[in-house]
C-alpha cells in the first residue's frame, strides 16, 4: 500500500534530530510538524521571517501580522525571533538551516530537482525554494513516486525547468525512501506491502536495489 | 527642526512625484505588511508602465492586484505569482512581463541596492533557468551566479510605528521585505499605524533608521488575511 | 529541549575546539563590546598562528592586544591599527601580517560570509592600494572592486542579554561588529552579561536569532573606556 | 592670517543644511558639531553604528557601551537609532549620508585624496574613510594648506597611497576654500588677510583664480 500523506510526514519526522532548525515547505512537508517525536525539540523556520513558528492561533489569537511562508496565520513559540526577509535568506543561503523538507514535480538521479513551473501550464513561481535548495546541505524531497497516469517522477534527467542542480540527496515518496548517490537512486526502504518490483517499475532513473530493502514500520 | 520632520498629511503628498515608467519597490509578503494606502494612491493617480519589485503581486482586487486591474504595471520582479488569477492571465497573455526572481535573491537585490553594493554572487538559481545568461563563477569549488542589485525611484513601505524623523519599527512578520525596500528607494515613503514622539522608540530597537526615509504618513489598514488558519481545541 | 540549550558553564567549554592555525572573527569596535573573557581564554590556551578578523586589535594589554603579547596572531584583517604600539611594532617588523581592510568592507565581508554570499562588488577602495590585484568592474558607469566574504572557524561575540536558545540582544553602540561576527562563525560563541528565560526577549527585538549561535556563556566585564570624554557644565 | 581650527570648523558649518545627515571625521571635522547654526538641525552619523549622536555625557552619564567612531564616550539624542556596523556602512556606501567632512594628508586637482598612511612612517589604517569617500557625493576635506615646512598639500597628483580616487570636490584649508572642477582647484574664498599670492605659492596643483576672490568673514 502506498503511504498516506500522514504516513509520509511521519516517516520524514524520523529524520529530525534534537536541536534541528527546520524549514518545511507547503503541503506534505507542513504536516511533518505534527509528528515531531516527543523526546526531541526542533525549531521551525518560516522564510518570511520567523524562527520558532508555533501552532495555529485560536480564534482570539488570530493576527494578520503573524503569518508563515504559506500565508497561514500562525503563532510564535517562546524564544522565537522575527526578522526581515534579507536576514531570513541570509540564514537559508548561509547554510544555517539544518534540514529542509520540500515537495517536487520531479527529481533525477543526479540530485536535480524541478518544483516551480510546468511550461505553458502552471507558473506559480519559485518563492524561496531555489534559495532553500541552494542553501541547505540536508534536504528531503517529498512527492508521489509517479503521476496519476503512472509516469515516474524519479527520472534519469528532469524534464521540467530546474529549481536546483545536484542538491537533493534524499527522497521520500509514497512508495519508498531513497537516497541519491553517485548518479543513482538507492532504494533504502519500501512502504508497507509495496514490492521492490513496483518501485522498479515506477522509477525511470537508475535504481540501485540493495540485497535487503526493509519495509517501513508504522506503530499504529 | 523642519528638516527632519518627514510627516506628510495626505496620500497625495506622500506619493508626489511618482510618474509613469518609474520603478517602485514594495514591501510586504502576500497580503501581510503591505502599504495598502500607498498602493491605493498609485492606483488613483493612474500612472502606467511601472516596473515593480515585490515578492508577490497581491490578490485579485487587493494589494498590488489593484494595479494589475488597471494595467499600470508593465514589468514585475516577484518570486511568487500564485493565488492571483488576473496576474497569471496577464502573464500568460504577455500583457505583463514577469521576471521571476528567487525570494532570497529578491531580498538581497533590495538590500544590496540600498547598501551601495551593485552586484553579488549567489548559488541560488545556478543550473536553473534563473541562471541563464548570467555570469557564473566558482568560489571554493562551488558555482555561483552574479546578480545585480536594484534601487527604485520610489520605495513604498508599511511600518507599525514611526517618529517624525522617519525611524520605523515593524510588527511581527509584517516586517518581511519592508526594511529592505525602505533602504532601496530614491524616495522612500512609509505608511504606519502610529506616529510617535522622537525618543519613544528605543534607539536599539529601531528597525529602519530615519536616514533611509523621506516621507511618513499615518494611515488605517484593512489588513486582509489570506489564509485564516486556526487551532482546533 | 537539550538540543537548543546552548548555555555552557565554563570558558574552557566555550572555546573548546579552538586550535592553532584557525580563523577567528571577533566582534567589537575599539574596546567597546569586545568579548573580553573569550579573548582571555584564547590567551590562556596559547593557540598560535591565528588569523583574526576584527576592526581593531585592542590596546596594549587589553582586548586582542593580549594575543599580540604572546604572538598568537599571525595575520589580522583590520581597518585600524592606531592606538596600539605593540601592534604597530609587530607590523613594521613583519612579525604579524596586517591586511588593512576598509571598515565597511570588513563588516560586509562578515555579513556576506554568514549569508552565503561568497563575493560582492564595492566602490570602496577602487583606485587605491586596497584595490590592487582585485577585479575591477563597471556598473552603471562607476568602478567597483570585487571583495570576497569570510567565514571563520570561530566567531567570538559580546552580547548584552541572551536566552538559552542563543537569541541575543546588544546594548547601544556595543552592537557594532558583533551581530555580523555572530553569523560568520562555523562555531559562534557569545558571551553576555545576562542569560534570560526564553520569551523574555521580544521576538521583534532580537538582534541575533539563535540559529547563528552555538554556545552562550554568562560573564562579567571590565568594559574599559578608551577615551573618556565628558560634557563640561 | 591663517584660520584657526575653530574658524575652519565654523566655515565648514556654513555648508550644513537643515535636515542633513552628516558624518564628521576625527580632528577639525569633529569641531564642526559645535558650530551648527541655531536655525537648522543636522543629524550626526557615527560609523560605529549611531545616527543622532548627541553631546558628550556628564560624569554620571558616561557609559562604556556608548561611544562614537573616535572611541569617545557620547550620548544619543532623542530620535537616535543604533545599528550594526554592516547597517552603518550600508548607509554610507549606499549614499544616504548627505555630507562627509574629513581630514587628509594630501588632495590633488583630480579629486584624489590621501589620508590613511605614510609609507614607512605612519600606518594607522583607513578605518571607515575609504567607505566614506566612496559613498558620499558630498565631501568636504579639511586640512592645512601646506606642511610645517611649507610643502603644499594641494597637489597635481597625490604622492601618498590614496584613500579614494576622484571623489573630493571641496577643500577647506587654513588659507582658503576651494572647489575642484575639471582637473583644477578653483579658489572660492580666502582666509581673512591671506593674499591670493600666498595661496598661489602654497598650491602645487593647478589653481584657477577667479577675478574676485572674497575674503571669509567671521562675525566675532
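Read from first to last, the chains carry the letters A, B, C and D; within each, the first residue is number 1.
Throughout what follows, a contact is a pair of C-beta atoms (placed from the backbone, for glycine too) under 8 Å apart; a residue touches a chain by one contact, two chains touch by 3 or more.
Note that the coordinates shown come from a computational prediction; the quantities given were computed from them, not determined experimentally.
Q: Any chance you could name the chains that touch subunit B and subunit D both?
A: Expected: C.
Q: Using the contact definition stated above, find the chains touching both subunit C and subunit D.
A: Shared contacts of subunit C and subunit D: B.
Q: Where are there more C-beta contacts: A-C or A-B?
A: A-B
Q: What is the distance in Å between the mean C-alpha positions of subunit B and subunit C?
A: Centres of subunit B and subunit C (C-alpha means) sit 32 Å apart.
Q: As a quick test, compute the distance in whole Å between the mean CA positions of subunit A and subunit C.
A: The mean C-alpha positions of subunit A and subunit C differ by 36 Å.
Q: Averaging only over C-alpha atoms, locate the centres of subunit A and subunit B and give their separation in whole Å.
A: Once rounded, the distance between the two centres reads 29 Å.
Q: Please report how many Å separate the Cα centroid of subunit A from that of subunit D, as a whole number.
A: About 56 Å, centre to centre.
Q: Residue numbers in subunit B touching 2 or more other chains?
A: 108, 111, 115-117, 122-123, 171-172, 175, 203-204
Q: Hey, what residues on subunit A touch two or more of the other chains?
A: Touching at least two other chains: 50, 76, 82-83, 89, 92-93, 134-135.
Q: Have a look at which chains touch which and call the overall pattern line, ring, star, complete or other.
A: Its topology fits none of the listed shapes; call it other.
Q: Every touching chain pair, please?
A: A-B, A-C, B-C, B-D, C-D
Q: If we count contacts the way the header does, which residues on subunit D are in touch with subunit C in the complex?
A: Touching subunit C: residues 46-50, 55-59, 61-74, 76, 82-86, 88-89, 92-93, 112, 117, 123-131, 134-135, 161-166 of subunit D.
Q: Over in the complex, which subunit B residues touch subunit C? Could you list them?
A: Its residues touching subunit C are 108, 112, 115-123, 137, 139-140, 142, 144, 148, 169-172, 175, 203-205.
Q: Please name which positions on subunit B make contact with subunit D in the complex.
A: Answer in residue numbers: 1-4, 111, 113-117, 163-165, 167, 183, 198-199, 201, 203-204, 206, 209-212.
Q: Write out the stretch or stretches of subunit A touching subunit C in their complex.
A: Touching subunit C: residues 17-21, 40-43, 45, 50-52, 76, 78-83, 87, 89-97, 134-135 of subunit A.
Q: What residues on subunit C touch subunit D, complex-wise?
A: 29-33, 55, 78-83, 88, 91-92, 98, 100, 102-108, 110-111, 122-130, 160, 171-180, 207, 223-231
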